[in-house]
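Structure record follows, encoded as structure tokens.
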Amino acid sequence: MKTALYPGTFDPVTYGHLDVLERAADIFDRVVVLVAANSQKEPLFSADERVAMLRRSVRGRRNIRVDVFDGLLVSYAKRAGATSIVRGLRAISDFEYEFQMALTNRKLNRRITTVFLMPHEKYTYLNSSIVREISRLGGNVSQFVPPHVRRMLTLKHRPGTRRR
Amino acid sequence: MKTALYPGTFDPVTYGHLDVLERAADIFDRVVVLVAANSQKEPLFSADERVAMLRRSVRGRRNIRVDVFDGLLVSYAKRAGATSIVRGLRAISDFEYEFQMALTNRKLNRRITTVFLMPHEKYTYLNSSIVREISRLGGNVSQFVPPHVRRMLTLKHRPGTRRR
Amino acid sequence: MKTALYPGTFDPVTYGHLDVLERAADIFDRVVVLVAANSQKEPLFSADERVAMLRRSVRGRRNIRVDVFDGLLVSYAKRAGATSIVRGLRAISDFEYEFQMALTNRKLNRRITTVFLMPHEKYTYLNSSIVREISRLGGNVSQFVPPHVRRMLTLKHRPGTRRR
Amino acid sequence: MKTALYPGTFDPVTYGHLDVLERAADIFDRVVVLVAANSQKEPLFSADERVAMLRRSVRGRRNIRVDVFDGLLVSYAKRAGATSIVRGLRAISDFEYEFQMALTNRKLNRRITTVFLMPHEKYTYLNSSIVREISRLGGNVSQFVPPHVRRMLTLKHRPGTRRR
Amino acid sequence: MKTALYPGTFDPVTYGHLDVLERAADIFDRVVVLVAANSQKEPLFSADERVAMLRRSVRGRRNIRVDVFDGLLVSYAKRAGATSIVRGLRAISDFEYEFQMALTNRKLNRRITTVFLMPHEKYTYLNSSIVREISRLGGNVSQFVPPHVRRMLTLKHRPGTRRR
Amino acid sequence: MKTALYPGTFDPVTYGHLDVLERAADIFDRVVVLVAANSQKEPLFSADERVAMLRRSVRGRRNIRVDVFDGLLVSYAKRAGATSIVRGLRAISDFEYEFQMALTNRKLNRRITTVFLMPHEKYTYLNSSIVREISRLGGNVSQFVPPHVRRMLTLKHRPGTRRR
């Protein structure tokens, strides 16, 4: 059985992530979405909140699992019997960082291959930080994230607001 | 009447910004320079100081106005009747971020077009953060910013220094 | 009256070109689409065919004119009283070439400003050569070019084919 | 059974291609290497020679097949029941072209996903044209291509030379 | 005597830095490695620790000196009689920043030339921050830094750990 | 004595090349400018003409020599006792190609180091092909090449024209 990891911060998950994830789930027998818990950046959502948003987003997909991790990706891969790491590749700035990570992971474990998938072009320049920024300024993010994520953003930025 | 917005942090305004602004003012009937007040980065100059530096820099240009804003750019554009956003485009790293912003703004309001102008090549790699850094280290920034901005930088970094 | 030139090879014109052109026509009082006649590359369509395809594509747009030229762009700009050159900017490889041309044109005539517009993201990676290639291999190009251009491509690649 | 296509010109196949191919064969149940026959560039080796060099290079790998094609990639994919296209991604210039092809293929057939794999870093900047150039100038290409490909290059460039 | 400066943060020094340094020492009569003391980022190692790690790494190389500085690079260059600045150039993101610094330094002192050297391809994507990250997560960094730097990283991240 | 090679096509030499060359001649004891004779592209000027234009451009510079070569660069370097190759680095598209060549040369001869120098920013986007194009269309190239090169271009493109 071929297992791939799809690691990220997912703060929050966007339609771009979900598009990549769906493509990965078509290629591999099993995909584990991995929420990075111990990033040094202060996230908007806790690891638990991010896991919950992801789980709800992939409900019904039988070969997708969501987990949290806080160590080296290559160690998790070893334990999980995974030899592929999936990453979305959107644009130049991604490219450099992703290649650096891919090479580093391969240096740490020769057997690991990073697989880059391209999200739909309508998500080409979408990322989580722009979603957080638009939401913080009161903009409408319904083109970028699923409804339940939009509600979480509203609660975070405007705690007094009633759920719509 | 065709109105364009020229948004930015302008912390502080440089000759590169002023070069882009002048080109924009030749193309559009009216240009509104918009100082971003609520950026999440801690700026060196307050929004008021940045507005003042810009106003002094464009004194006498009748179709340029300076304003401050702290919400979504597309909402300001709607209120101001502007359908163009002007951005300087210097180099690769700009390119990605600018495209992301341009696409996002267009997603939020279909009528908005982002217009990229290239500053003079002698300002190709100039930006505000490098000006702040050189000034902080006591270097001479007179090639990069107007005299009144240079004086503001000196006062900020060396408060005891007499104005020259 | 503000006039802009929109130069290119247009071999053939695509929906990406037309998207940029429409945005330019919203900003400038008049836009002249300029078909480069004397390019050193051997085009698929003659200059006359390319002009005809463009004219048909912009029929009804009163402030757009189509012309052919075979000299220096800056000389044409001077004769036409144009001080802006419009270019679409899609991706990195464009970026370098376009900047080189923009800087060169400005060196040849200080008053010229190049204005970069971004086509809709669904045309991000579209260009004429890929359209020619797909058409040559018998693929369907109806997502990329207007119907009359598609017919011209079919006639060129499969002369015996009946017009559909 | 998951089938992927790995299309290219392979003029000639290099260790970089073989590294990507091996990673693909670990991920997919079956990989078909597709030699583009009707490229408009004049290749150094005929399609038959390129197929032969590839076949010899993958001898013994049971889930890799080599074929030639001269139409649209998406049509071949449909006939072969393949929904993934594998491409090596080495550097920036690749990136743009590859994204363009990937988006175009997806426009022509929604079900197609392009999977990018990164060759080992020691092949980062290796490509077929540099191998042809070095060989033409009499340089040693044994670090870049398998021995049987090196011999084919020598025969092509120095037909009088005895096989070593 | 031709003197070059090799400035950086070196937090910590990696094999990539040492590879560039060795090439520089072959070209110039004297190379001064300059540790930036007053960076605004909070470093993991103090300036003294970084100088010590570098000194130990270049022990025995007679034309390499290590120093610390906290002002403008061009002022140091003037005092040291250096007209060249050496920088490693690995990848795109470097490229932009490095060009910006090089142009700025040349603006501040016409006589300064920046010399870019490419580290060995096996260090193409290596940088100090990825080394700190792997070490923080308990990974093995012995492929990236000399043994004495590895020990310093272990002490920093796991103070209770016995030196190995 | 430290010798560097500065290889290129120089079809024709531009002020950008001469700027890089001058910086190289300040760093190395001796610089050999190498005109590539056997490029597969059809040049505008013969190798002899290109050598003559370069020789005239560097007249009086005692540590610069001009030569022609038609084999592998690394073989020439070995014969000339040179271990450095100088290349100008202007922009992204250069970057990729130059890195590829630098890595390949190093693979062919471990002792070779490629040294990248940045021309003055006013030559950032200047190259020989744009100079040929402007000259062919009758434009003024006096900002881009020395007077004697400009005259050669005029003679080539307008053979009947009197020398000015």
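To keep things simple, chains are lettered A, B, C, D, E and F as they appear, and every chain counts its residues starting from 1.
One rule holds for everything that comes next: contacts are C-beta pairs under 8 Å (C-beta built on N, C-alpha and C of every residue); 3 or more make two chains touch, one makes a residue touch a chain.
Just so we're clear, the structure is a prediction, and the values are computed from it rather than from any experiment.
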Report summary line: Neighbour overlap between subunit C and subunit D returns A, F
Requested in this report: Please indicate which chain is farthest from subunit B, where distance is taken between mean Cα coordinates of the chains.
Outcome: D
Query raised in the report: Quick check: more C-beta contact pairs in B-E or B-F?
Result: B-E
Query raised in the report: Between subunit D and subunit E, what is the gap in Å from one C-alpha centre to the other?
Result: 39
Query raised in the report: Taking each chain's centre as the mean of its CA atoms, how far is subunit E from subunit F in angstrom?
Result: 31
Query raised in the report: Which subunit E residues touch at least two other chains?
Result: 92-93, 95, 99, 103, 121, 124-125
**Report entry** Interchain contacts (touch definition) - all pairs
**Finding:** A-B, A-C, A-D, A-E, B-C, B-E, B-F, C-D, C-F, D-E, D-F, E-F
Report summary line: Given the complex, residues on subunit D that touch subunit C span 38, 71-72, 74-75, 92-93, 95-97, 99-101, 103-104, 107-108
Query - subunit E partner contacts - residues on subunit F that touch it in the complex - result: 2, 23, 26-28, 83-84, 89, 92, 95, 99, 102-103, 113-118, 120-121
Report task. Could you pull out which subunit B residues touch subunit F in their complex? Result -> 92, 121-122, 124-125
Query raised in the report: Considering the complex alone, what residue numbers of subunit A touch subunit B?
Result: 91-93, 124-127, 130, 134, 137-140, 143-144
